[in-house]
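The same chain A turns up in both complexes below, where it pairs with chain B and then with chain C.
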Partner chain A sequence: MSAVAVPKHEEAPALEIPSQNYLNDGYSIRSWLLTLDHKRIAILYMVAVAIFFLMGAAFALMIRLELLTPAGDFMEAETYNKMFTMHGVVMIFFVLIPSIPAILGNFLIPLMIGARDVAFPRLNLMSWYVFMLGGMLLLTTAIFGGVDTGWTFYVPFSSMFSNSNVILATMAAFTAGFSSILTGLNFIVTVHTMRAPGMTWFRLPLFIWALYATSLIQVLATPVIAITLVLLMLERGLGLGIFNPALGGDPVLFQHLFWFYSHPAVYIMILPGMGVLSEMIACVARRRVFGYSFVAFSSLGIAIIGFFVWGHHLFVSTQSVYAGLAFSLITFLVAIPSAIKTFNWTATLYKGSISYESPLYFVVGFLGLFVIGGVTGLFLSTAGLDVHLHDTYFVVAHFHYIMVGGEIMAFLGGLHFWWPKMTGRLYPEFWGKLSASLVFVGFNLTFFPQFLVGYLGMPRRYHTYPPEFQLFNVMSTAGASILGVGYILPFIYFLWSLKYGKVAGPNPWRAKGLEWENTTSPPPTGNFEHTPIVTEEAYEYSHLPEANVVRASTH
Partner chain B sequence: MSEQAHISAAHHDPFVAHQFDDRAQQTEAVSLGMWAFLVQEILFFGGLFTGYTVYRSYYPDSFIAGSYILDIKLGGFNTAVLILSSFTMAMAVYSAQNSKKGSLIGYLIATLFLGFVFLGVKVIEYSEKFHHHHIPGFGFQWHEPIGNAKNVEIFYSFYFAMTGMHALHMIIGAAILIPLIILAWRGRFHKDYYAPIEVFGLYWHFVDIVWIFLFPLLYLIGRHAHVG
Partner chain C sequence: MIGKFAFWPDLASTVAWKVDAIYIFILLVTILVSLGVYAAIVAFVVKYKRRSEDEIPEQIEGNLPLEILWSVIPLGLVLVMFGWGAVLFFELTTPPAEALNFYVVGKQWMWKVQHPSGKREINELHVPLGQPVKLTLTSEDVIHSFFIPAFRTKIDVVPGRYSVKWFEPSKVGEYHIFCTQYCGNQHAQMIGRVVVMELPQYEQWLKNGGASSVNTGETPEVAGARLFQEQRCVTCHQTNGIMAPVLQGVFGKEVKLQGGQTAVADEAYIRESILNPTAKVVAGYQPNMPTFQGQVTEDAILQLIAYIKSLGGAAGEKTAAVKPDGVQPTEQQPAASPATEEAPSATAKPADEEQPNVGTETPTPENSQSAPATEETPSPHEEQTM
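And then the complex of A and B:
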């Protein structure tokens, strides 16, 4: 098993950026804003999401500063309510949901399946504009003083008592949701009808399976939140009584309708990350993903089961204990496909020829954080224990482990993995590894103490707390600072690499897949010179002569 | 854009968009797209139907009372209008498939006309509700001998949300029909290319089907009420 290093520059013709690629196909603002190219639309999304991410992070910073001390000495309760609400609304509707699907999905789906574009390029551009309209509404909300209902917009507080901009904020979420539906619809049709000759369903990269499952959720669940938010707007604007108990309405119905979307939406925020992980793990281990079809079907399994678990958010909301029992049981079932994925990924690493490049750091980081997040999910789905943990920091820690530790880690990893494909240039490896390590350490320091303090009884959504919880909160705030550095670094070296990064060449990782093997970096506007014909399964790394060999790019 | 866009375009068929290989692929994609869109529409209306079901089970008497004063004649007339418009729409698709330009234009215009008739009747019904202060949120009043005012108001919230959302879909449909008529006039559709007519037909039939559910749920449940 002695690894033989390939002599550097053996056959190496000097790498250069292809003279014709999607990035230099027109430099005008117009050529970007009216583009129908899925790759440019992905870049448009990336810029927008990066801005929203900084915005959401700023709100998080405010929260962590306030919680540094037990007393409310930095802001008032109402301001604090607005901070965590805006943090949640921005991060969920404008960062997590579009992050992997709209950026990496848009960029990669046609490339991975061997198509020239998505099925409906105009619809694709339109969904970006709809998304930006939602973003503008959100900014307007922030400028007019924010919203303080929590991202869940629970009635009757949101419909009757809140004095903040509930209608604007719900319109922002409604609009962003519409964009999410259109993107999902586009992807479903693209995967069904645009695959290159020979690209059968079971030759698809697992990223496509994950995005397909995500798109199903986006198309099936989002319209329900849309109509629910419409009813909420009508109720607040016109004083209707649909959810108002004083007028004969039922506020718990709102919670049911809300979570019928929002629980599946949690899987919109993790399934794509799982897809990214499958791609990266096959490449860093240089092996076919262990149990390909199980991993593929587990994505669909999570999407389907995810539709029948919303009641676990209502264990303490007057739902009957029998309903609670059923929802608890079904929620446990989600662990099965999730565990199938995790075990298959680790089995892929086993006896793999692992290379220690920055994508591996993100892979390992994801696995560690996702396992903690997933297992604590089982605590919360236990109906009895949830009564104790409900609305405590335990819940906050749990969903941050999944959404930030899982999805954002995978998103960053995917960005590092495909950055050479998107831009044609390499980022500095050392800084990539450093960023992944800082994120991992900072994240654990931020959120692990929250499990403890939540178990001890600290409720979420308060700006003050008893002094005995201060140690945990100081750790959290300290960790958040490290996490912040870990997130800022990629912004800097990615931008740096655009100009100064080493030219990557078409396949710097020597990875399998149409996007690596059949086109240049960056790809031309039409993606491929000739429509590829697929003749092998996904991840056939064993066919590569350089398998089990340290790659040139690691030097 | 530059010639780059055409690097991999495998065809020069003016009726096929650049991202597709051939007409069959394009037709399949377009109709699958519309079916997927209709599925999300079902879920969208599904939220309203769920709410309706919950409150009808809470307040059956008030729902019957609210339904009792809806104008069944106008509602029934509108149902007939919509079913007829589904027929003209189906005939429009048939005409396009057989390259009959004249009858295609005729049937599309008939469909548009019937859509406007439906919306016109809806305006009459809404304004009648306005005169009787039966619009929730705008000084709702209830003087009938049956039903509880508060709960009848919930019935009317759903009546307006559901028929309003349906009417919005009719208006969007009409707005799409007009450019389709213009394109048909220019001879754009024939037996080799009629996907837009076909998928618009799917949408139109879907909106009709929603009404087929709305009509009994809103207008007919009050027929069993015994007043006085």
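And then the complex of A and C:
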């Protein structure tokens, strides 16, 4: 290797946290709340999202407890309806959408492309404040008694019939949407203008490709939901007849507008997870990701095709039969880039050098759940079959497999993968593996029975259900308790590791990538001591990096 | 069956096995592909376990033929699924012409059903075995969705619109009806049961009723004819077409509108014309019809539509022409009762009958009084009522 190896510390095995890093660059509240450092903003997001995740999980727990028995014996129907609505709103707008982009994306994009920060650091901080404003509105909604429309806010129920805090809740989602738009905009400009010398488009890590595609969707689709929610608020608040048929409006129009955003939003939620997986699998197998350009372009493919499939949510909504068929066909086409990714990831493991550390557990877990989530999408794309499956637990199981099994598993995996970089400390390996295993087992136990009960016909959003469906629901609730333990464990050992964890050193996995090879763990405020100059492709594992060495530049 | 544990839903309609067939096909394909992929993943993970800290595996860039192969094969598979699903979707959304017409109105939180014979029930739907049934559905408030898992059929029930669903029950029994579109507080209570009966039992049930049903003695057409009088529609809508368009024979036909556009006089158009008459005015008429918004219920509109349908329409639509002036105002009501008491005949298989309209269109009071006007459109009522 011709790299100028600059040992940051003594060669001795006793590693130390670098004396100057972004974490100890000021301890005051002000130094955090007014920070312009993308890494600190990522941590701010992480704290907020962790709180929202616990909140959403608490709602989920309530739902599962109620569904343990067929009768409505744990809470009132009204309370139950608010529980699943709040669960959906919190998890989608305040956990899934910001999770990987706003936390890992914020932290990693500048580090991965060799930049000192994102293109607009102030805008980045503002995005967080806008997000928190949305979060406060959501908390206000909860305090004033919640909302009971379902996270989809379908009219005319939401605009004319619901007696809950619809306007507050939609304001919360509306506001969080702006945060999402600003973050996406920031990332697009950052990737275009801030790449280090030599970092060409086809040398970018696949995580960057995935987040770039995600950002395009955030910028192009989110305004549509913003407008739709404003129209909903106008109808509810001022009685303007937009969707309400009694006032000459069209309720199905709302569904078109809503899903025009919300289906692409599904890809906002899963594409970043795919990006994380590409990074992890390359490191785990010490291999360049098989078919790099196919994986890169499949992200763009998913993002683009994803804009034309919204009507598959409306197969039974009195949409024209021909429109339904067109949407069915286009939806099937999304399966192709997703399949390409899965096959390429599998091929990456072939003849690799597979590390059995915690990230592998998350990779294998993600692939297992994502494949099930992906193939069950084929059932729902089939128009004639979706007539039966639509709005049953089959759909609930499918999107949890993608959103939670895919995205949250990838997010957790990403946290376990980059935690040493973010904090400079290692978590105990045993607990990391245990958490991944518990999540995998608990998840399948929770959601697989829902496919079965869905095909039997159990509708979603039911507070009570016929007794013959109970067995499946008991399994779900039992699985959820295991899943809950799997999710709570990382909170404990991550916090523990901050003080007691082993010092990680710059590159504990001996991974390729500027964030691992060219800077310390945790990185300094300006990210790199020297601006990296990139001379090699991504994942060039033929030059295996050393664990405790920080390069001045590449070659 | 309701209340019985099962791993597989009942197959109680003629399309159920077709839906199951495609489900099983996709299930087999996806299990095969997923297990293949997952077996490969596990095998690679086990086989290529890292042997030393410094191990550098062989670097493989990619393989174009492989990429093409694993794009084209899935594409072929999903196209098969698409094509098969599309054919099935067409079948599910195209009711057979001879289907019995039922009307369903959803409201928070109940289903109101009206049979072709005029029988009404709530949260229950009794249907005869082996008869195609066409439901025309609408909602009084929010969006609902009418789902019968055992029939593998579902359709959203949208306020301000008519949706259509059909099925042909193939197995006697009781099955769940669920509302699957979240509709508020008691969404989970908006359930009911569909009861599939042998034809003789069904006819018996139509006569004797059930606990939750009401026999008004009026078919939707009769009720519509009555409303047509009561609401004074008849004042302007006469056969001469001087004041307002002639409704005889208009159903399902294209009508010319002011401004040169055209509209098909279907359920949605008639509904709009009753509630918002100035929206699409027929060419040659003044927009002087008052709105009936708030004066007629969704049920009443459906009855008016049934009546206008019975006045005849486009080819293919079965007609039972009745002149509105053939119906006298409400005092003719009693005359309707004896006619509808014979309603079971409406359920006879249309194919067995000479008259194509038997089975869908039900007797109207006019035939018993044989107004002279009905002569010019020979109607088949007689044999139904007598």
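One rule holds for everything that comes next: the second predicted complex is superposed on the first by the 531 of 555 C-alpha atoms of A that agree within 3 Å, B and C clash if a C-alpha of one lies under 4 Å from a C-alpha of the other, contacts with A are read in each partner's own complex, and residues count from 1 in each chain.
As a convention for this text, contacts are C-beta pairs under 8 Å (C-beta built on N, C-alpha and C of every residue); 3 or more make two chains touch, one makes a residue touch a chain.
Model, not experiment: these values are computed from the prediction.
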| Of the partners chain B and chain C, which touch A:Glu16 in the superposed model: first, second, both, neither? | neither
| request: Please work out whether A:Ile227 is in contact with chain B alone, chain C alone, both, or neither, and reply first, second, both or neither. | output: first
| Is A:Phe290 touching the first partner chain B, the second partner chain C, both, or neither of them? | second
| query | Is A:Gly248 in contact with chain B, with chain C, with both, or with neither (first, second, both, neither)? | reply | both
| message | With both complexes superposed on chain A, which partner does A:Ser328 reach: first (chain B), second (chain C), both or neither? | response | second
| If you stack the two complexes on chain A, which partner ends up touching A:Val219: first (chain B), second (chain C), both, or neither? | first
| message | I'd like to know which partner A:Thr525 touches here: chain B for first, chain C for second, both or neither. | response | first
| Footprint overlap on chain A, comparing chain B with chain C | 248, 250
| Considering the complex alone, what residue numbers of chain C touch chain A? | 2-9, 18-19, 22-23, 26-27, 30, 33-34, 37-38, 40-42, 44-45, 48-51, 54-63, 66-67, 70-71, 74-75, 78-79, 81-82, 84-93, 108, 141-143, 145, 147, 149-150, 152-156, 158-161, 163, 176, 178-189, 191, 276
| Within the complex, which stretch of chain B touches chain A? | 1-2, 4-10, 17-21, 25, 28-29, 32-33, 36-37, 39-41, 43-48, 50-51, 54-55, 58-59, 136-138, 148, 150-151, 153-154, 157-158, 161, 165
| said: List the residues on chain A that touch chain C in their complex, please. | reply: 72, 77-78, 81, 148-150, 154, 156-157, 160-162, 245-246, 248, 250-252, 285-288, 290-294, 315-318, 321, 324-325, 328-329, 332-333, 335-336, 339-340, 342-344, 346-347, 349-356, 360, 364, 367-368, 371-372, 375-376, 378-379, 381-388, 390-392, 452, 455-457, 459-468, 471, 540-542, 544
| note | Per the touch rule above, chain A residues touching chain B in the complex are 20, 25-26, 31, 115-121, 181, 185-186, 188-190, 192-194, 219-224, 226-228, 230-231, 234, 237-242, 247-250, 253, 257, 524-531
